[in-house]
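You will see two complexes here that share subunit A, one where it goes with subunit B and one where it goes with subunit C.
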Partner chain A sequence: MKTTEKINIRFPQTLAEALRLQARKNTRGTLLAGGTDLMVQWASGTPPPARATSLWNLPELCEIEVRDDDILIGAGVTHAFLGEAKPIHRHLPALIAAAATVGAIQIQARGTLGGNAANASPAGDTAPALLITGGDVLLASLDGTREVPLDEFWTGYRQIAARPDEIILAFRLPKKGSAKERFRKIGARKAQAISKIMAASRIRVRSGRILSAAIALGSVAPTPIRLTQVEALLTGQALTPSLVAQAEKLAQTSVKPIADIRSSAEYRRWVAGRLVRDALENL
Partner chain B sequence: MSTITRTWKVNGKPIKVRAPAGRRLLDYLRDDLGLIGAKEGCGEGECGACTVLIDNEPMVSCIVPVGQLADGTEILTIEGVEKKRAGRLLQQAYLECGAVQCGFCIPGMIISSYALLPKNPKPPTQAIRPPLSGNLCRCTG
Partner chain C sequence: MNKAVSQSGRLIGQGMVRVDADGKVRGLTRYLNDIDYTGMLHGVVVRSPVARGRFKALVPDPAFDWSSVVVATAEDIPGENVVHMHDRTMPLLAEVGGELLYRGEPVAVVAAKTIELATEAAAHLRVEVEELPPLLTLQDAIAIFKKTPVKFDSMQDQDIVKGDLAKGFAAADDIIEAEYWAGHQEQLYIENQGFTVFPLADGSILCEGSLQCPYFPVHELNDPLQLPPEKIRVRQTPVGGAFGGKEEYPTMLIGYAALPALKSGKPVKITYDRHEDILFTPKRHPVWVRYKTGVKKDGTLTALECDFILDGGAYLTISDVVMFRGILHCALAYRCDNLIIRGRVARTHSFPCGAFRGFGAPQAIWGMESHIDAIAARLGKPPHTYRRQLHVRPGDVTPTGQILSKENGSTACLDLALQHAKFAQKRRQASRGKLRKGQTKYYGIGLSFFAHGAAFTGDGEAKFKAKGRMELALLDDGKPGVNIRVSSTEMGQGVHTIFTQIASDALALDPARIRFPMADTGLVPNSGPTVASRTTMVVGNVVYRASQDLKDQMESFASQRYFRGAKTVLKNSQFAAKSRRPLSFAKVARDMLTEHGPVNGFFEFKLPPDAKWDQVTFKGDSYPGYSWSANIAEVEIDPLTCELAVTRVTAVLDVGRVINPILAAGQVEGGLTQALGYAIMEKMGTGQNGLYDASRLQTYIIPTSLDTPIYDVKFVEYPYSFAPPGGKGLGELPMDGLAPAIANAVESAIGKRLRTIPITPEDLFAALHPAQGDNTP
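What follows is the complex of A and B.
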């Protein structure tokens, strides 16, 4: 018998039912969405839990709502579904590009946005694209729903701000408006590769001056991060080659990546700067 | 352990499923239904050898727990695809192009190719690459 067969998996039909299960310690289970992280972890040696609560196809988690200034995307929305949700593409192009680089189509058909965020890997591809929107995560529990700014959501290596009784309900993501977005992933090959490093940016320029800049990187720190020092340097300045060079340098000196099986610290530091340059040269 | 009962259609035939909720779809297909066309390469979602169509979408069956597939789910494996005209044509094309070496990856490759055709009936080479990028071939590299 395979290890996952021992798990007692519950299949709530509504969010309310799932929240009730998660509220009590003796019915709470590991939240299981598309399983593309969890099933792999359980197959490769992580002991499976006694209980799991399946969120797959839970209707309340699968909705996308376009509003005047922002878009609500349910945590259960898959990467494939984001690709098909054409009306939101022009408002959140970096996120759409990021979702399209997750694994390959078989993985995109099952992997969810909520799972990618909650898995909290520094190499999670959608995280930088979420961060640059300046939006929030909606966390649901029996006590109600609360909003946590994405900036405060990833609290440490593989740690998130959700309590054990909470379920990520959705992401509230401000539209980009007149800003320009970009997403670049650097991996060993185009498909089925975990990022060595990736960057997302949302930058607004008017008459050659940078009005606002949000730049986020993944795989250079224990959590996905915003490059706040680089953003501060850029904001309000005229977009000149010397500013671009300064921003590239500052990005390289302000990140503290580690070396691992995918890449070296030096490579990541160097590429962090090049990715900032790439964002600024493509405005 | 929790046991689920479901009714699915597998290769067009209604099937009554009774299995541990966490059983991998791949194991259910191969061991319980005897459909051994889907292969286990990595068991970790990477290689695509276990790809099947779930409600027309290619997914890797080695990381899908059967409990997550609701009543009415339609599953198509290579045994079902090879009975369809497009499936037979694809098999023939793979043969004629010398695409098959050991053959282990081929059921998954054909399923992913088959899934692409309704979306893009005459795909140029560039449009074939992304949808097949989740299928690895050890022989060709």
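What follows is the complex of A and C.
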């Protein structure tokens, strides 16, 4: 980092302390979890802030709680820890698979789920896997904790529904139950790759009929998105090759990706449909 | 491996552990960026903000405090503002009033106590320009070449002519024509470029940093710095990878750092961070190559016409020689009596391209090895049988008229690779655009076959006369030993180890008594740059012969001094004469040093006296020796997503005598991985602003270990007997031919040929689903 600025980083020991710092404008700092997004941004043009508030290892943010119907995952949980948290794997396989594709081992050891979500990059790998659960984000501030549905969390390109005084506390993610999940990422290489596109799906089928379908994509829009039209097409239908073909087409016509250094708009649109096909053919 | 050849030495042919392993593995090795000096300033280069424009003024911000900052501009250049590479056109720094020819062209150097202050100061220098329309890319240049050839701006032309092309085409039954493209490639050494320049009291400079060719700056900066060669001393620091990237460019860095150093009287260090290093150092030349070939029904290649055009960037630097090597490799591997190969170097408003492992050969072989497959397909012959029919072997004549000697293992490489990879059998499984029973992915297998000329082109080595010295000395432990004094640089390829092996065998001395100090032009004779796959072959021979010379001198000293003239031999680190008690190397060495003063073995490299070369007509022996290789790539393409994986690569190589099989295999696997990136990942475009679009590790994609295929590497040995121990070129060969093998494998997988690398999933998608949004599963 070629910069003359120094960052004043505070290391609160408890969530309450962190919330107090964030509550007031003149003590508030950029929230710093693993730093794997922020440090890169600071090194490549974004001016570093004067103050930062470290969330690293805050105990309240590092817990995973398995409940009857859902799982609470603290925002400070790292991708590596998700990989080690075996008891939750069968309930949230898409999320676990997504976390395993983030960067490589070094980044996974440092990068957090909260950071991935709050960074709000359309290419954040865990976002589609979070979206398909239909869960919520728990936001904490001195005023208390509120829940925001994941569907409403990413409000625009690199924007989230959290106020400046709020900290992401955890994610409440319903278990998949009898549904089948799938995650697939297309990157330029097998590790250390930012997604060209990725898809997550949670689909429940009984006796050949689709009871419910949640399909989400990343890197095809300013935010991670649910393919609501495709989901509507699928729900209640018999799973047939022609339905699969229809869903594939609909996915391709309903997304409007852009071209950038990582891929072309045409390829992304096409693969969007292919990944929907992939999900439906692997139920 | 051919054991009979390998066994003659004790260490030659053995997988000796690297002599630099300990320091590097334990993190003790100090690279340039680990070495700071008190009073040292950090330099930052100020650059042109446009790809082309008139340089109107350099305006310092009056509000900024300039008191502790040194600013050097073209006005501070003591001599003539020109860097003497292969021509004398490129200025060290652009001059106000002149034309800026590429984005990032240096206009000034700012130096201060910290990088931060220097960076800030640089941001307060405004470069005023009047923008002019640039010609940014090779695509643009080729469009002109095709439409209005007279307007095409070539910095260097060279043709190779053999036989009668018109007659050749007249004799053909069929004519096959195609164009091939490849883009920039970044070397991506681990250690970024950097240099420190010390101004010394006598007006000379001492330059310390990461480079391949210590003597280049010594001769290229005389004019601008007004210093004779003996006043520019260059000392190598440990090099964290180079791949050609630190061949010609360090001269520029030294020049930039020298200006504020001479102006301030303080040492100045310039190091680049990764972003600056990718944006503003030379890349592999993009290429456009067009082949027009005439063939008979039986496969005889009756005529070959080739246009080979490299994107040189804004200045020639060393691109002429890259193009020469390119055209010499455009049709090297196959029999053809009538040909014309035309090489050109296009001038564009982009960063001057430069050396990169392979040096024009990968670009040439990319085109040729794709095209040979295309010809075979047209003839209805399998690509391997066609290559077996057409490839050159000893006694055949190259495009320049060189007769290939017996020391060319061309057939052995091809045959062993085909057999070892079970090419013919596996080829029957190729998908050709339709999944076969049991396949979930398109499978393809492709072949390439090629040579790499070892050492300098033509009579380069004859003219250059590489010199080396083996120095008897007290080593770091105070005991006698031998220093290898040559200008070859260790940059990860293992030269410190293999030269130790060669010297140890030639001297019959324990390798623990041999050192290879880092190159320093104040101490080493000029054995030439560490380039062109010449080091093992040429400088290895110099070390071998100079060691023998030292051995002779010591033996005759020992004979006279201790054994009354009886024949004395140095063997197993001891001097022995018949029926006498042997004396230790240490004793004899100490006595000799005390009684004689400095003791050195010398050698100067020569080419065989019958070697001929005409640099104007490009006729004669284009290289002293040739290394050979066949590569076989196997690929899988996912029909669902068009993702491409290279699953297995078989490479058989004839690099002459293999000095260290473990290091050799490492070089091959590393080179193949670099070639893999070139073939399917490493994409670098140029934006309208004149900057590369992939300029960070995040966007410039190279293979990770997870992306590398299974490598199956084998050597066959046809040593270069003229220059013992008989190595030929190894460094570049593994980079040369994997890209076309992969493209050929892709063709066999999907039934379509892609003629531009890198081949990405997006390209495969466009090839397989030409109608946008096409839905066929």
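As a working rule, the second predicted complex is superposed on the first by the 278 of 283 C-alpha atoms of A that agree within 3 Å, B and C clash if a C-alpha of one lies under 4 Å from a C-alpha of the other, contacts with A are read in each partner's own complex, and residues count from 1 in each chain.
Convention: a contact is a pair of C-beta atoms (placed from the backbone, for glycine too) under 8 Å apart; a residue touches a chain by one contact, two chains touch by 3 or more.
Note that this is a predicted model, so its numbers are computed, not measured.
By the document's definition of touching, of the two partners only subunit C reaches A:273; subunit B does not. Touch criterion not met for A:155: it reaches neither subunit B nor subunit C. In the superposition on chain A, contact is made by A:44 with both subunit B and subunit C. When the two complexes are overlaid on their common chain A, residue A:104 makes contact with subunit B and with subunit C alike.
Contacts of A:264 after superposition on the shared chain: subunit C is touched, whereas subunit B is not.
In the superposed pair of complexes, A:30 makes contact with neither subunit B nor subunit C.
Contact with subunit C, but none with subunit B, is seen for A:188 once the two complexes are overlaid on the shared chain. In the superposed pair of complexes, A:229 makes contact with neither subunit B nor subunit C.
In the superposition on chain A, subunit A positions 2, 4, 40, 44, 104, 190-192 are in contact with subunit B in one complex as well as with subunit C in the other.
Within the complex formed with subunit A, the subunit C residues making contact are 115-117, 119-120, 273, 275, 640-643, 681, 693-694, 696, 698-699, 701, 703-704, 706-707, 760-762, 765-766, 769, 772-775, 777.
Those residues of subunit A whose C-beta lies close enough to touch subunit B in the complex are 1-2, 4-11, 32, 35-36, 39-40, 43-44, 48, 52, 54, 56-57, 80, 103-107, 109-110, 190-192. Considering their complex, residues 2-4, 40, 44, 104, 186, 188-194, 245, 248-249, 252-253, 261-264, 266-267, 269-271, 273-275, 277-278 of subunit A touch subunit C. In the complex of the two chains, the subunit B residues touching subunit A come out as 1-2, 4, 20-24, 27, 43-46, 48, 51, 54, 57-60, 62-65, 67-68, 70, 112, 130-131, 133-136.
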